[in-house]
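Structure below; questions to follow.
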Amino acid sequence: MTFRRRVWTQLDLDAWTGGGVSPVNRLILVLVLASVTVSVLETEPTLAAWSPLFRSFNLVFAVAFSAEFAARLWAKPENPLYADPGGRMRYFLAWHSLVDLVAVASLWLDVFGMGEGWIAVLRLARLFRIFWLTRSSSVGEAVRELWSAVRERSTELFLAAVLAGLVLILAAIALYIVEAEAQPEAFGSIPRAMWWAIATLTTVGYGDVYPVTWMGKIIAGFAALTSIAIVALPAGILAAAFSDAFQKTRARRKAKGPDA
Amino acid sequence: MTFRRRVWTQLDLDAWTGGGVSPVNRLILVLVLASVTVSVLETEPTLAAWSPLFRSFNLVFAVAFSAEFAARLWAKPENPLYADPGGRMRYFLAWHSLVDLVAVASLWLDVFGMGEGWIAVLRLARLFRIFWLTRSSSVGEAVRELWSAVRERSTELFLAAVLAGLVLILAAIALYIVEAEAQPEAFGSIPRAMWWAIATLTTVGYGDVYPVTWMGKIIAGFAALTSIAIVALPAGILAAAFSDAFQKTRARRKAKGPDA
Amino acid sequence: MTFRRRVWTQLDLDAWTGGGVSPVNRLILVLVLASVTVSVLETEPTLAAWSPLFRSFNLVFAVAFSAEFAARLWAKPENPLYADPGGRMRYFLAWHSLVDLVAVASLWLDVFGMGEGWIAVLRLARLFRIFWLTRSSSVGEAVRELWSAVRERSTELFLAAVLAGLVLILAAIALYIVEAEAQPEAFGSIPRAMWWAIATLTTVGYGDVYPVTWMGKIIAGFAALTSIAIVALPAGILAAAFSDAFQKTRARRKAKGPDA
Amino acid sequence: MTFRRRVWTQLDLDAWTGGGVSPVNRLILVLVLASVTVSVLETEPTLAAWSPLFRSFNLVFAVAFSAEFAARLWAKPENPLYADPGGRMRYFLAWHSLVDLVAVASLWLDVFGMGEGWIAVLRLARLFRIFWLTRSSSVGEAVRELWSAVRERSTELFLAAVLAGLVLILAAIALYIVEAEAQPEAFGSIPRAMWWAIATLTTVGYGDVYPVTWMGKIIAGFAALTSIAIVALPAGILAAAFSDAFQKTRARRKAKGPDA
């Protein structure tokens, strides 16, 4: 096995035949998470004193991710789908490569002291690397299983969403009618009342706005009780859908052989 | 096929034989959502500058919905159920037609600058058009499936509701007894304590009222723990009911033929 | 059929053979709910002007419930279990009769203007009448079904409760350690921190107390994330238990005959 | 049966053959819970007057737990696994023995008036004794059942956690971008916005921080709606997993004999 083939086997998730994720990709995953953590912490003003430390980390990440990107590009033709002359260019222009490039460029900018403001946020684009995992065998199967269960019940879930939407807007309209006079700031329009309705029906309940009139409290009370159904309905549909999906998977495994 | 028949096929959900919803009805659905969105935004005082824009939109909606209503009325006799001489009048007087008429009238009033105050809310009546969807084949089947599952377990769901209601009133009574003296404004009567009880047991937790005495906090703590059961009980019943319903549907499909 | 037998058939849930609840008991149920509603509203000081109205209602309720109690006592010997000479006395001394008596007495006290303060609360004892329903055939079956499902999984539910309790106390200890200094009022002892922990882990989140230090916020964040598991665990156990119970019921019905 | 063997049978959960937990261990469990309760209450400053009472209780607990520890150590060689000469020492150095020793020592320190501050917290280490229960037969089976169900769906639950984490960080980034200027204290960095994101997506909703700009409220609204999925997803997975596990247990029992 050539060195380039070995590199490719380590970097390409589809190429790795030992179960799970290859050691190199595992390391990269750890680096991605560390780099995201550093980028998140860098935005905190009270940690400004640690800025040089964060920048050194970013230098390490910048070098590592640049090397990884170059290696990936160099070894890609080992993949039969990219073996043709234009394969590398195609890979280079794929959206995930461009996202990676943006993230790496943002890291280099920070190293050279130009990564201020919203540019810093671009570094977090690397987070999307986590979707890679879905292409590894065991995780990928679970994703497909869950996703197919959700898709098979998409009409039911859509109905639950429509119902939630209707309750949301009706609650907002009702509170707008009865509370607008008492609290024009919080309930003076339907979009304003929607802020209250979302906080109530999802049971978040910030408590920044709430009805103060008797009528408003009675309607809000019923809306709050409805929130139980709004949470229980999709939970019930998903539970039934997953139950179905898991049974199918088991039946399929049984049909294949007695070792499952 | 006559032009009237073609119009009817496009407008009547039962008449459309191509799967899903007909192109014209899809357009109308989009117009309904757009019109509701505009009506919602119109209530917002900070968007008063956009008022002329909203009014122009409403003119478009008013013309479109009036035309649709007229077309529907004209083409209705194509439906055998409305083919008799009094069929059009019967359709005209059906409650959904009247709701539509009210919504259209409210739009025209706004166009002519008379749609102030609560009249604006009438425009939202059009929202009920969304229930149409339930008559289209695929959505309708899902509605029937979910609804029959809920109805089959209506006694169990009713019991969960009764239990929740009992816990609600007992929690309110308990807090009224122990907190009324410390906070007469918030817990000075059972109806007042109910406002707290609903916010707590649905886990909304606005935080506008909460017990301050030790005894009150202990009781409120137990009430909050009970809220887990109050949410989990209907979720569990619905999950089991949907699981049943989905299995029945699959069994029925299997019995029909091997292509399901 | 004698008049006493007819009265007994109407009043005794076990004696009624027509499905559901007998007309007289339905009326009594409505009266119970109305009487509870009036007793709840009577505690509200802003409704003091309606006091005479509430008292008139209570007079009606007092007469009706007294008559019902007397009729029940008179007709009870029709029930073979109470046909012996001491049967009426045994029924009179049963706990549910005593609860009813207390509620009726509290109503009469109010009618004569002596039902102030905590005596008013006794009127709500009548609420327990609602548990009667569980002896009617269709509701009773659902209660037994749900209850046996809960009992069969009582060990699992107990484990979920123990786990929730452990997380609760550990979160309270952790916040007590890191936040006591910054907020002695809210986190100065473990019982105080428990108030925060319950509000957080049940996702009620009043917002009257919350950590302000970095360390406290990080721990609270993890505690909040754990709350998802604390809600999902019993919901999942109940869903699986109900699914089991419903399948058993169906299997039993199928075994009985093809008409189910 | 020798006295030492009798003591061992009472103290060692594996040795007890009568179902459930032995009477002595049940007493110890009650003492553990009482001791934890006292330790929790002792931290409350307003109960300082009860301090002598708490100390007397702690003396009782200290004596009881010391005696129990000594008895356990003395009787352990009855267990064949610890019958060798070094068995007692091995048991003495096991982590659970050390945890118990720390808890007992902390109790004695309190009795002699030296259990101030964080040393008091060590007394709560005894709480871990509750995990003993998992070795008793009926509880242990339920633990294994639930745990194997969770482990079998660990990939799916991990996916749900990754998804929740992604939504969490994306919501925090979005709010940081749109709200940082308006509320630098609450949204001035991604870690700060994370505090809001966790409170919102777990539906705790303290209400100490919430967006005030229009853009922030719209994004927060969508984040709140997403919270339904974040709660429903693991609940659905767990429900399906437990449903599977309970069915397997029943099938296994059926295969064993007709008495289950």
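The first chain written gets the first letter, and so on, giving A, B, C and D; residue counts start at 1 in each chain.
Methods note: contacts are C-beta pairs under 8 Å (C-beta built on N, C-alpha and C of every residue); 3 or more make two chains touch, one makes a residue touch a chain.
Here the structure is a predicted model, which is why all the values come from computation and not from measurement.
Traced through touching neighbours, the fewest hops from chain B to chain C number 1. Of the two chain pairs examined here, A-C and A-D, it is A-D that is joined by more C-beta pairs in contact.
Chain copies chain A and chain B are related through a rotation whose angle, from the C-alpha fit, is 90° to the nearest 5. Counting the residue numbers used at the interface between chain C and chain D, under half appear in both copies, so the two copies meet with largely different residues.
For the pair chain A and chain D, the distance between C-alpha centroids works out to 30 Å. Inter-chain centre distance (chain A to chain C, centres taken as mean C-alpha positions): 42 Å. Residues of chain B in contact with two or more other chains: 194, 199, 203-207, 231, 235-237, 239, 241, 243.
Those residues of chain A whose C-beta lies close enough to touch chain B in the complex are 153, 155-156, 158-159, 162, 166, 169, 173, 176-177, 188-192, 194, 199-200, 203-207, 210, 217, 221, 224-225, 227-229, 231-233, 235-237, 239-241, 243-244. Partner chain C is touched in their complex by these residues of chain D: 36, 40-41, 43-45, 118, 121, 124, 127, 130, 133, 138-139, 141-143, 145-146, 164, 194-195, 198-199, 202-208, 230-231, 234-239, 241-243, 245-247, 250. Considering their complex, residues 203-207, 235-236, 239, 243 of chain C touch chain A.
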